[in-house]
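In what follows, a single structure is set out as structure tokens and then discussed.
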Amino acid sequence: MSASLLSVRDLMVKVHLDGGVRTLIDHVSLDLAKGETLGLVGESGSGKSLLCRSLVRLLPSSLITIEGGTILLEGRDLTAASDAEMLEVRGGEIGMIFQNPTSHLDPVMRIGDQISEGIRYHQGLTAKEARAAAIEILTQIGFPDPVRQYDSYPHEFSGGMRQRAMIGVALSCNPKILIADEPTTALDVTIQAQILKLLLDIRDKRGLSIILITHDLGIVAQTCDRIAVMRNGKLLEQGPKRTILSRPQDPYTINLINSHPSMPDEIAAAVPETVLPVSSVKPLLEIDDLHVRFKAGGSLFKSSIKTVSAVSGVSLQVMPGETIGIVGESGSGKSTLARAVLGLTPISSGHVSFEGIDLAQQRSAGLAKLRRETAMVFQDPYNALNPRLTIGQMLAEVLKVQGKVPAAAIPERIGELLDLVGLEREFVNRKPRSMSGGQCQRAGIARALAVDPKLIIADECVAALDVTIQAQIIAIFRELTAKMNLTLMFIAHDLAIVRNLCERVVVMYHGEIVEEGRSEEVFARPKHPYTTALIAAIPDIDPDKPLLSSASLEDELQSMPAVPVKRMP
Amino acid sequence: MSVEALAPSAAAWRHFLGRRLTLVIGAGMLLFFLLLAIAAPLVAPYDPILQNADVRLQSPSFAHLFGTDNFGRDILSRVIWGARIDLQIAVIGVIFPFLIGTTVGTIAGFFGGIVDAVFMRLVDIILAFPFLVLMLSIIAILGPGLGSFYIAMALVGWVSYARLIRAQMLVLKGSDYAVAAVSLGFSRPRIMFRHLLPNAIAGSIVFSMSDATLVLLSGAAVSYLGLGVQPPLAEWGVMVAEGQSFITTAWWITLFPGLSIVCLAFGFSMLGDALGELLGVHE
Amino acid sequence: MHRYKFILARPLQFLPVIFGISVITFILVRLIPGDPARNILGTRATPTALANIRAQYGLDQPMWLQYFYFLKNLANGEMGKSILYKIDVFPLIATRIEPTIALVLTSVTLSILIAVPMSAIAARNAGRAPDHAVRVISTFGIGFPPFWLGLMLIILFSVELGVLPVSGYGTTLGDKLSHLILPAMTVALSLSTVLTRSLRSAMIESLKSDVATAARARGMPESIVFWRHVLPNSLVPTINLLAVNIGWLIGGTVVVESVFALPGMGQLLVRAIFSRDYMVVQGVAMTFACATVLVNFIADIVTVAVDPRVKL
Amino acid sequence: AGVLTIGRREDSTTFDPIKTAQNIDNWVFSNVYDVLIRVDKTGTKLEPGLAESWTVSDDGLTYVFKIRDAKFSDGSPLTAEDAAFSLLRIRDDAGSLWSDSYKVIDTAVATDPHTLTIKLKNPSAPFLSTLALPNASVISKAGIESMGADAYAEKPIASGAFVVDEWRRGDRIILKKNPNFWQADRVKLDGVEWISVPDDNTRMLNVQAGQLDAAIFVPFSRVEELKKDAGLNVLIDPSTREDHLLINHAHGDLGKKEVRQALDLAIDKKAIVDAVTFGQGAVANSYIPKGALFYYADNLKRPYDPEKAKKLLANAGVSNLTLNYLIRAGDEVDEQTAVLVQQQLAKAGITANLQKVDPSQEWDMTVAGDYDISVNYWTNDILDPDQKTTFVLGHDSNNNYMTNYKNDAVKELVAKARLELDPKKREQMYIDLQKTAKDDVNWIDLYYSPYINVARKNIDNFYQNPLGRFFLEDTVKN
């Protein structure tokens, strides 16, 4: 690139811990040109966030220090700048958008004030002028009613709107460079597409340079000019998007690209239909007109107690040995359905029967059977494991309570389970805190398998993981279902993963099943417009398939509420 | 991520001190008092209740490092023996509220609904109930002395713990690992006590350290009202209260037991801070 | 404004609490051994005199009947007659309530005035000398028994320096304030340390929080980050702590009241307990309870006002 | 001139004289109300009060009082009618705590506005003394009837040196000079404020800092220090207070006279006087306080002799005597005495287990006989020894002051002494009583102690008589 706006040379960042010194960023050099979008990818913990925080010298702890290298912003070395100068650089020159808007927006300050705060400070405007400017920004980032929404608090917004507000705050100081740290990870695909589009629009309008951090190569393919790949604090390779995507050099990059879910997967196509749903086989699980409603709000003086229908009128049959995917946006009722099926959430009406036993009629017998023959893998790998127990203790407890394995054989069985999910045996003595997300997720799967279940419900168990690990976990499931004749209900809001793994897909929307069918069929010929939108919003790794291309999809999105997740009372 | 085997840098060293120093000071202080209490018969120079009319109200000297009181009793010896009683007050005065509060909080938080509502109203009542009325009534009913004091503390003190634990339980019982435990067919007591409680209890442990100080001070307040331990036992709060008559003439009678309370309180609060950091709890 | 709707609903929840307290106090004071009649008669008690007094105050009636009369009186806005003072309990409490309220308010104000800057200094220098200094001072504040601290303050400010009155309560506002400074300081020295500890850790947490990082990332100087973002976000847990402590304080001012001879309710209560003046103990306990409930209610309102997310 | 501010422990409870039996009230009454007959400064003689003079019939049943020209604070005249009303009220009113002491009155009539005639049911030597009790103060009949007893008890119409100007409950009583007082020219002060300062230290510091003119209830331990303060006068006035160790004769070996004598021998009263009262007290040898009417100075003083005590115990066949020693919580002096006595008894081989209980309960337990030994004290209300003697030795309703002491000869003598009108004979009877009581060890006399007050140097004539009356009408603030 010709005129480099930002130029990083040999940046070294180290952390000083009790045990010694660890290098977190290792001789990283980068350039960012004006108007350019740089995609920074890499697995979790590779140092992407740290690198960007080093640019504005906002390191997360006093133990982490920049130990070498230069950061030149328009020729000025930021590593040598004074603290006062940095105040100008932050916000004024380099704006930040954070991954998690919920925790980065001040919950007790009005959205508008958070935007105008920066304006007043950096541009020295009066309160009134700043308010006007902030409302202007709110308009730009797509708030339908900026004057009113100026006075809203973050918690009154949906996730998507919060992320927009976060962008607004970053824009408030009119920076030259915008750093967006995984701005869409927490959002579902449709919203993700909107946010990405907004970022690109703003870039074009304002001539901004953007550093976009993500672990999703698809997003990078759709939005960036250049790509930089990081791993273990080192920059593996960087270059123009097409070069990297088509001719990756580093084995890690190659692996990353290959495991992207939007890649058509040969194995998936080759999965033989192991169990044909023959009419003589009785369904393992039957769900009939299931309704789950939650009370929302309501108090002594409020006459109408509102309820939220999380699941409304779902009917489904699951055959033994089947692998079924349940997809749908956030809040569409997938988790609630799973929990209701397993008797973890009270059912409002309808029936669930497991192997012919109706849960409503024979509650204790049904629950006892469920507990022994089904298991669930949870969405959040860290929170689903008791932080105080080692993996060994955890598995031993399950085996002991379930009582299917004689006490003497428990240690042996634990070993087998770990082997099965691909964890080394030494993990017996580890606690969740000392394990990576992927490792925790495997431990969670091992726990589910310890029950020796007929049915496993996996609730978005890969959403929080990066693609390489996602791929590994999916491989484990595929292997397990093949080997052990497991029935699997796989919940996700990401269609691409489901397409790879499942024979049958169920699409949920607002608590109802809107579409159901064999995977290839649904993906090839979606019937419901929502399914179409979902499929279209998957960022494809092929840069030539543009994001949100079809005009009809835009209309579709417009007709839907921005975020149907939270229906506040 | 190369780990450079270096001598700990200045920053890391400072960090270590900042974090462990509180632990060392706190635990060290408590250990000191504990040893003092255990070894009281060995280290105390005099019999703590022995009166000696010849040396009444003497200011600190080599014979009596902390001076003597109006009966000629050696203050140093009384302070040393007092450590026994005051440590006991701090420990027992905290342990029972802790146990009761933890149990109630766990049950209320876990079961919710009517159980919770009943317990929480009870908590409201006790919180709104003037502590002193309860304390004085119980002491009056059971007679002054440590037993009544402990009972009064237990009756009142548990609410803080119950509230802390309940709040934690409410959060934890919705957590994925609690739901996971249910889905695995674990029994309720197992889920409550093996899975949730250990994760909920850290805050209470830290709180119990500052609570120990409050208990000591409540004891001193009770002594001020004349309802402290039975004479002639040496207890710091009582010593301060008794020494009040001499506050302008014989300052040493109140100062040394007073300082002892402060030091013990300091030890507890340091240990509390250290535990808070170790257990990752923020008050 | 429906976030504030709980203001309407809450008073209903108070009723069982107040009722519970009335039952407990009623039973508790009567469980205490000791006879109010014998108590006021002292050494000269004769059987007829004892019987006379018991009859006058209905103490010879069965317990349930006494409780019934107590409730009946309460419904009429009365709390019975003091055995010791021979006047109605309500007016008696009315004459004693002001100093206690004034003491609590001054102490709390003073505590906040001490706690906020102290915790700010500590939090912004976490782990360094000023932080340690604040911590040590805090422990001293909480470790010394208040009656001892109070006396030391009197000796220093009133006897040695002669700048403040030794004890008592004035008649004019300025006079009252000058009488309240020392007792309030005695309370504040310990209360503020509790607040400081809580605020300090909330602030440290908050200084490290994403909110603060985000504010720094848009170039806000540390002072704005602190006062506009960190402080407001640290307040909520402290408000609740303060409420619990005020409740505790309301019921526990007796020591300070008696050291500083403040004619408040704490002293009234202790004398009533010691002389088994049942009606007064009940009356004061109920008053304290209502005040505590009210304080918590106010804390809830403040919490809702400070943190827009909170719904009650 | 000027207003005298006096610090005391507690605030008054009422101004209705018949409804209280507490010193804290009575001591204020003396200067607000006036009585028919007063006790003089020495506490040993009666002198005219509102009754200018009186005559007693030969049979000792009829008393005729001449009431002087006096006015109530509202300016209305004080008549014999008011006096009669007051005496009948203390005898008959349901709220009166004193009715039993005045049951001896048969009739009280105002024969004319200046003449009060009282007929007794039987002769009574101490009767005149009881008229000096502040609780028998003369109240305004018209006043109490128009105001109602409750309002009157708040702000009475009285005839003493001062009138109640304001009562700030819990804080202070503000008295101002009563211009209608019959001795108004004797009163130098413009007013008096009784201020309640419960904490002993604070009360003393107030006087030291000059914020109070005087304070009462000076702890023994502070006397020496206050004496050193050049700005202060420490006032030590004789009182009728006697501290004694109650013995429950009904409990086991304590019924044996030798055992009680052994106890008396085992207690070193001098040591108590030194350590507890800091030398302010005097060792007691009789239940009648030193300086009081009929006090027998030569009564037996058992010297401290633990060895002899041991022997006595052995002779009585008592070993390992273990006693339950009841202490009043919150009373510093009581606790200190207990600690000391415990150690002394131990030297005689007697174990005392201290049991500290709340004062009100302690009182109940003593009355119920639920103790072995316990320290208590008595201060006389009237100068005649009959009241105390009846309570302590007369087999009155309280089992001889909770001791369960039984001696029928003593009982008879007490009754006789009450009726004896010849002072000489009476004195001999009381001497006999004192001797017998000592020999029987009805209780153990410990020490007499004075009233200790402190006043700033500019205050003159601030004193109490042995019955506790302050003579504020004579006090001067310079």
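Miscellaneous remarks
Each chain gets a letter, A, B, C and D, in the order it is written, and its residues are counted from 1.
In the analysis below, a residue touches a chain if its C-beta (ideal position, glycine included) is under 8 Å from a C-beta of that chain, and two chains touch if they have at least 3 such contacts.
Which chain is which protein? Per UniProt: A = ABC transporter ATP-binding protein; B, C = ABC transporter permease.
Given the structure is predicted, the values throughout are model-derived calculations rather than measurements.
Of all chains in the assembly, those touching chain A and also chain B are C. Of the two chain pairs considered here, B-C and B-D, the higher C-beta contact count falls to B-C. Averaging Cα coordinates per chain places chain B and chain C 22 Å apart.
Chain geometry summary: the mean Cα position of chain B and that of chain D are 45 Å apart.
Once the centre of each chain is set as its mean CA position, chain A and chain C turn out to be 49 Å apart.
Remark: chain C and chain D have CA centroids separated by 39 Å (rounded to whole angstrom). Among the residues of chain C, those touching two or more other chains are numbered 32-34, 147, 151, 155. Multi-chain contact residues, meaning those touching two or more other chains, occur in chain D at positions 201, 205, 330, 358, 360-361. Among all residues of chain B, those that touch two or more other chains are 15, 140, 225, 244, 247-248. Interface note: chains touch in the pairs A-B, A-C, B-C, B-D, C-D. Contacts from chain B toward chain A in the complex involve residues 1-6, 8-9, 11-12, 15-16, 175-177, 179-187, 190, 194-195, 198-199. Those residues of chain B that touch chain D in the shared complex are 49, 51, 53, 56, 70-71, 139-140, 143-145, 225-227, 230-232, 242, 244-249. Only residues 200-201, 205, 219, 221-222, 224-225, 271, 274-275, 327, 329-332, 335-336, 338-340, 342-343, 354-358, 360-361 of chain D touch chain B when the two sit together in their complex. The touching residues of chain A, when paired with chain C in their complex, are 56, 58, 60, 87-92, 95-96, 98, 100, 103-109, 117-118, 121-122, 153, 155-156, 166, 169-170, 172-173, 299-302.
Across the complex, chain B meets chain C through its residues 14-15, 18, 121-122, 124-125, 127-134, 136-137, 140-141, 160, 210, 213, 217, 220-221, 224-225, 237, 240-241, 244, 247-248, 254, 258, 261-266, 269-270, 273, 276, 282-283.
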